[in-house]
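Paired with chain B in one complex and with chain C in the other, chain A is shared by the two complexes that follow.
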Partner chain A sequence: MRKILIVDDSVSMRQMVGFTLRQGGYEVIEAEHGQDALNKLAAVMVDLILTDLNMPVMDGITLIRNVRKQPALKSKPILMLTTEGLAAKKEEGKAAGATGWIVKPFDPDKLLQTLAKVLP
Partner chain B sequence: MIPTSYCKPWPRCCHNAMKIDLSQFRQTFLLESADHIASMETGLLHLRSAPDDAELLNSIFRSAHSIKGGAGSFGMKNLAQFTHSLENLLDRMRSLEMKATDEVIGVLLRSIDVLRNLLDADADAAMPADALKLIECIAALMHVESTQAAAVPEDSHQQDSPEPAANAREVNLYKVEFRPDRELFSSGTNPIVLLRNLAAMGTVSCCHLHAEELPTLADLDAEQCYLSWSVELASVCAEAELREVFEFVEHLAEIRISRSVAPPQPSSAPAQSSTAAAKLAERSASDDQLAIIERRKSPVDDRRQSAVVDRRQLSAKTTAGGESGSIRVAIDKVDRLIDLVGELVIAHVMTAQMVEDFEPSCLPKLREAVAAMERNTRELHERVMAVRMLPVGTLFQKYTRTVYDIAQSTGKQIRLELRGEDTEIDKSMLELLGDPMTHLVRNAADHGIEAPEVRLAAGKPAEGVIKLNAFHRAGRIVIEGSDDGAGIDTEVVRRKAIERGLIGSEAQLSNEQLNMLIFEPGFSTKTEISDLSGRGVGMDVVKRNVQQMNGTVNLISEKGRGSTVTIELPLTLAILEGLLVRVGDRTLVLPLLSVIETVPLRDDKIVRLAEKGEVVVIREESIPLLRLTRFLGLTKEAASAGISARENGNRRLAVIVEAGRRKVGLVVDELLGQQQVVVKSLERNLHRIGGLMGATILGDGRVAPIVDVTGLGALDLFSLQVPVNNSQQVAPPAQSVRAAKTTERNRGGTAHELV
Partner chain C sequence: MNRTIQSRSSGAVSSFPVSLAGGVAGHGQEVETALAQYLPHLSRMSEQLKQTSSQIESSVVEVCGSFQGIAQRAKETVERTTSFLSQQGKESSDTKSFESLIDNCSSTLVKILNVTEEAGEVSRRAIERIQQMDKASQLISAALVKLEQIAIGNKVLALNARIEAARAGRYGTGFGVVANEVISQTERSQKVNSQVSGLITNLRALAGSTLQDLQQMNDKDRKRVEQCKREVNESLIDLQGAHGEMKTMMTEITGEGALLANDIGAAVRGLQFQDRTSQQIAHVVGDLETLHKKLSSRFDEGSVGETAPHAGFSSYTMHEERKVAGIHGVESAQGDVELF
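Entry: the complex of A and B
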């Protein structure tokens, strides 16, 4: 089963995304923020990282940069959860090395489609 | 929404028939958002004193952002739209394009209220007027502040992005060229996945791999992409749909799509949007028709409709109930509980073992085991109660806003000082405290603290201070609210009380007694009613709510110096350290905390005041006596049951209790001991019975009523009112005893129903 790491500080968002992914047949690991995600990535291999951008402790952009610096994670697909209207953030994420993005409001079907789009 | 016209689902999307229901997470979202809103509010209030605090702004922004994200996902359009405009403003502030001026913070704080309302509002309702107004306000603020005058929503492209060509269902032949940059891999993109997705859009007739740029092995950097592809495929999809495959790599690749066969119909953008517009028009027309039909049906369907509404309200209520019914508990508290339950299980196993192989010599061991179990149970009890405890700070924090609002609207300068915010208090009490505390704080800010010029004239600093403090004292929680304002003018109180008929015009009352009068129903010393704390009701609500929690309120005020209101509450409503007493053949529980002492009561110690009741004199103090037999409405036989003729009357005891602020002696036949009792509410089964705060179940299974000792303090109040009826002076203790007896008799009947 493919493993996906969700990084989001919002419990409800993690619940929703997690639920959708499990329904879609994925295994889910959750992290509360970038640092938490890095800690978890050090212990577990995942197939894809799905991260929010605005988070306390370590934001999504920093997380993406960090992941891209690690040889083992360099080519890992990373999707960022962005919000319309924050085009600058999206560009920043792209520059940092995000594979793709999902625009909130969150739509379960769209999420699964997008995953299929980037997962090998 | 998923565009309906995807010619084929994405390869892995064979589960597209599955309907994913996310409504189950709505509750979490609502709770989470309420937290976000609260922390935004606190943050904004802090921002006033630290307008440049970047981290603070960031966290406020993050909160707004989170709410917006969730709101969209749950279809709460209004909330999403509103937070969007809020977020724009906050983003400006965050990027230092705007300053956190008082005006801006004011608007943001008002937005907090709107957010709260929107969170509760029906998702389908129209945007409330106050929200629209604030959105305009925010736009105006940003317009003024920003040189770009860009209050235009930046997401306008969002609505029309994935609208595909409406009717291009013919098969087209496409040639797609995909030339990634060398850096493609740095984004974690796998080109094979993209090609596979492209292939899924139609039938591939030809695929070329261009490897010309591939260097020699020595020069090859495995992390770079040297390859490119051109694909020919036949597809019913529009060009834009094919392009979407490469959505994420547009900045990392050159993508060229050309059509080898011209489409029969041009699918230009204007054509699309006009189709969309036509569709919309069509839909709204059919909506109108529907509306007409419904209107025609309406007389018949009225009832059904209202039934539907009822049901909806009902379900809304259930949700609301679910919300208030939940509680968040720190993990360490839960862990400790689990430990304790573990110990209890072990203790039980040990005891059971001993009972199994019992022989008389085991008795001491068994006793020990039972004692251990008791210790465990008691601790478990306490810990479980602790789960319900919340820091009072969560309540106190709220008043920063209240005070701010009043200061803003009245032009006063008020500072709120909070202390003892970590003091924990039972959750249900915290909820009950909300209203009375609001009244107190509003009163202090609105009526207590004077206008700056008045204060300066009185030699006080222009800024008034309201202090809230919470602490433990002698097994009770004390909450103190004080202000350094004008204090209470006892003369005004007296006048008012006479006007309202609360006291006789000749009544001689101490200042303290006069002050307590403001807790009487319908009493307000402020002649004009302000829009913030304006009400004639208020302080009586404070008193009633506090008494409901078996607590007491006290007021000390000095004209010109300020007032202090002290609320004393028991630690918890659910358990009580009780003194078990026997009255006749009944067992009663007295809350131990209110018991001062117990004295033997010989008949010759009782002083009977003609027509006025009885007092007992202890250390030169006359204490009114209350016969619990009558209080409970016991018959003579029942009252004398269990008392042999020999000891009749002479072995009685008076339990001196603190009832409100006075002492009362309760006449009992015997002290049975002291134990923790679980308070069961009577109201669930019987109506509220004056003088009783509930009942408990004793070890032998009998029900014992618990005397509401604090409630006996209501007699105080009664005695104050006596002069009105009798046009006499204020009641001496004895008279209040008589008053007590009246109540006693009134209550006797109802109490009897229970016992």
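Entry: the complex of A and C
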């Protein structure tokens, strides 16, 4: 079963995203912020990372930069899932190494279709 | 003349005409006093907003949890019905389809009815044989009658022989003995005839009653078998009909399950409002706290006291808001009912 790491400081968002992904047949691992996500990644290999942008301790873009520094995670698919939709922010995310950008609120079906496209 | 007056609140230097400065300073003092009085409300407002945001998130988390349960149960139901429907018409080494079960049942019932019919056939053959036996016994009776007639004839002959033997005197003695023996044998055969005749009569009576019983049973069995056949066929038709209805219903349930999944997806989209709302509230809280900090550095909040005027502010009524507002009162547990 494919594993996906979801990173969001909102409990309800992690629950809704997790629910959608499990319905799609994925195994889900949760993290509260960027640093928590890095700790989890050190312990378990995942197939994709789905992260929010604005989080305490470590935000999403900083997380992406740190993930891309690791050789084993250099080409790991990373999708942003955030309320931010400004072009400038998207460019920043892309430059940091994000694979894609999804604006909240997400559509469950579209999210699953996107994951299917992005996952090898 | 103009003198510059430094604004105490911002630290910036601004120029006011002296003639206005006194009026402005007086008005400024009033504003500062009012601001100081309303300062405590700022922290309460930001605290209230934080609590509201937290409560909204808790509610959304609860609702999401319920949806997960609903979706899981719907998914399992759809999977079970889909699996059942896909098995119909197919058989594996350890599963049989419902149709093949009905067919097996039908063929078994037909075999049972056939066995019953064969039993009926056997009784019919038995009836025929008994009838034949009865005819044969009739013939035997007729033959016995003839034998009796022959015996009577023999007896008469033997009597005549005795008479002639008596006439022959000494030379007819042996002949007389033979005649007597013939009479004796004839009488013995007559006795045997009579016994056999009695037996035949009993046999015919027995056969007659058995025949009657068999015929009655055969008639009843034939009618019952026909009735059973009709009932079995009707039941199998009803069973097949019920199975067809069940399959239709299960197909509808599968469809409803898919619709339910769509509805839950829509609900998940809708519930995401909470994330944006939380962020917006967090921005407002941040601004309020910044404002509170800046004003606190200007005014001494402790000197204002607890009794800040409430003009323009909502009167707190709920438990949490009472707590936030620092209004102490009787706490009521959630769910309590009070009748007046």
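Assume the second predicted complex is superposed on the first by the 118 of 120 C-alpha atoms of A that agree within 3 Å, B and C clash if a C-alpha of one lies under 4 Å from a C-alpha of the other, contacts with A are read in each partner's own complex, and residues count from 1 in each chain.
Basically, contacts are C-beta pairs under 8 Å (C-beta built on N, C-alpha and C of every residue); 3 or more make two chains touch, one makes a residue touch a chain.
Given the structure is predicted, the values throughout are model-derived calculations rather than measurements.
J.: Should chain B and chain C be called a clash or a fit once both complexes are overlaid on chain A?
T.: They clash.
J.: Let me test your reading of the model: by the given contact rule, A:69 touches which partner, first (chain B), second (chain C), both or neither?
T.: neither
J.: Does chain B (first) or chain C (second) touch A:24, or do both, or does neither?
T.: Only chain B; A:24 stays clear of chain C.
J.: Regarding the shared-chain residue A:108, is it in contact with chain B (first), chain C (second), both, or neither?
T.: both
J.: Per the contact definition in the header, classify A:55: touching chain B only (first), chain C only (second), both, or neither.
T.: A:55 contacts chain B only, not chain C.
J.: Taking the superposition as given, does A:12 touch the first partner, chain B, the second, chain C, both, or neither?
T.: both
J.: Between chain B and chain C, whom does A:77 touch in the aligned arrangement: first, second, both, or neither?
T.: It touches chain B, and chain C stays clear.
J.: With both structures aligned on chain A, tell me which stretch of chain B collides with chain C: 241-249, 331-339, 439-447 or 601-609.
T.: In the superposition, chain C collides with chain B along 439-447.
J.: Find the residues of chain A that appear in the contact set with chain B and again in the contact set with chain C.
T.: Residues 10-13, 15-16, 19-20, 23, 54, 83, 104-109, which sit in both footprints.
J.: Sort out for me which residues of chain A touch chain C in the complex.
T.: 10-13, 15-16, 19-20, 22-23, 54, 83, 104-109
J.: Across the complex, what residues on chain B touch chain A?
T.: 1-2, 9-13, 15-16, 18, 20, 22, 24-25, 28-29, 32, 59, 61-62, 65-66, 68-73, 80, 84, 87-88, 91, 153-155, 158, 185-190, 192-193, 197, 223, 245, 247-248, 251
J.: Along chain C, where are the residues that touch chain A in the complex?
T.: 57, 60-61, 64-65, 67-68, 71, 75, 261, 265, 268-276, 278-279
J.: For a test of understanding, state which residues of chain A touch chain B in their complex under the given definition.
T.: 9-13, 15-16, 19-20, 23-25, 52, 54-56, 68, 74-78, 81, 83-87, 94, 97-101, 103-110, 112-113, 115-120
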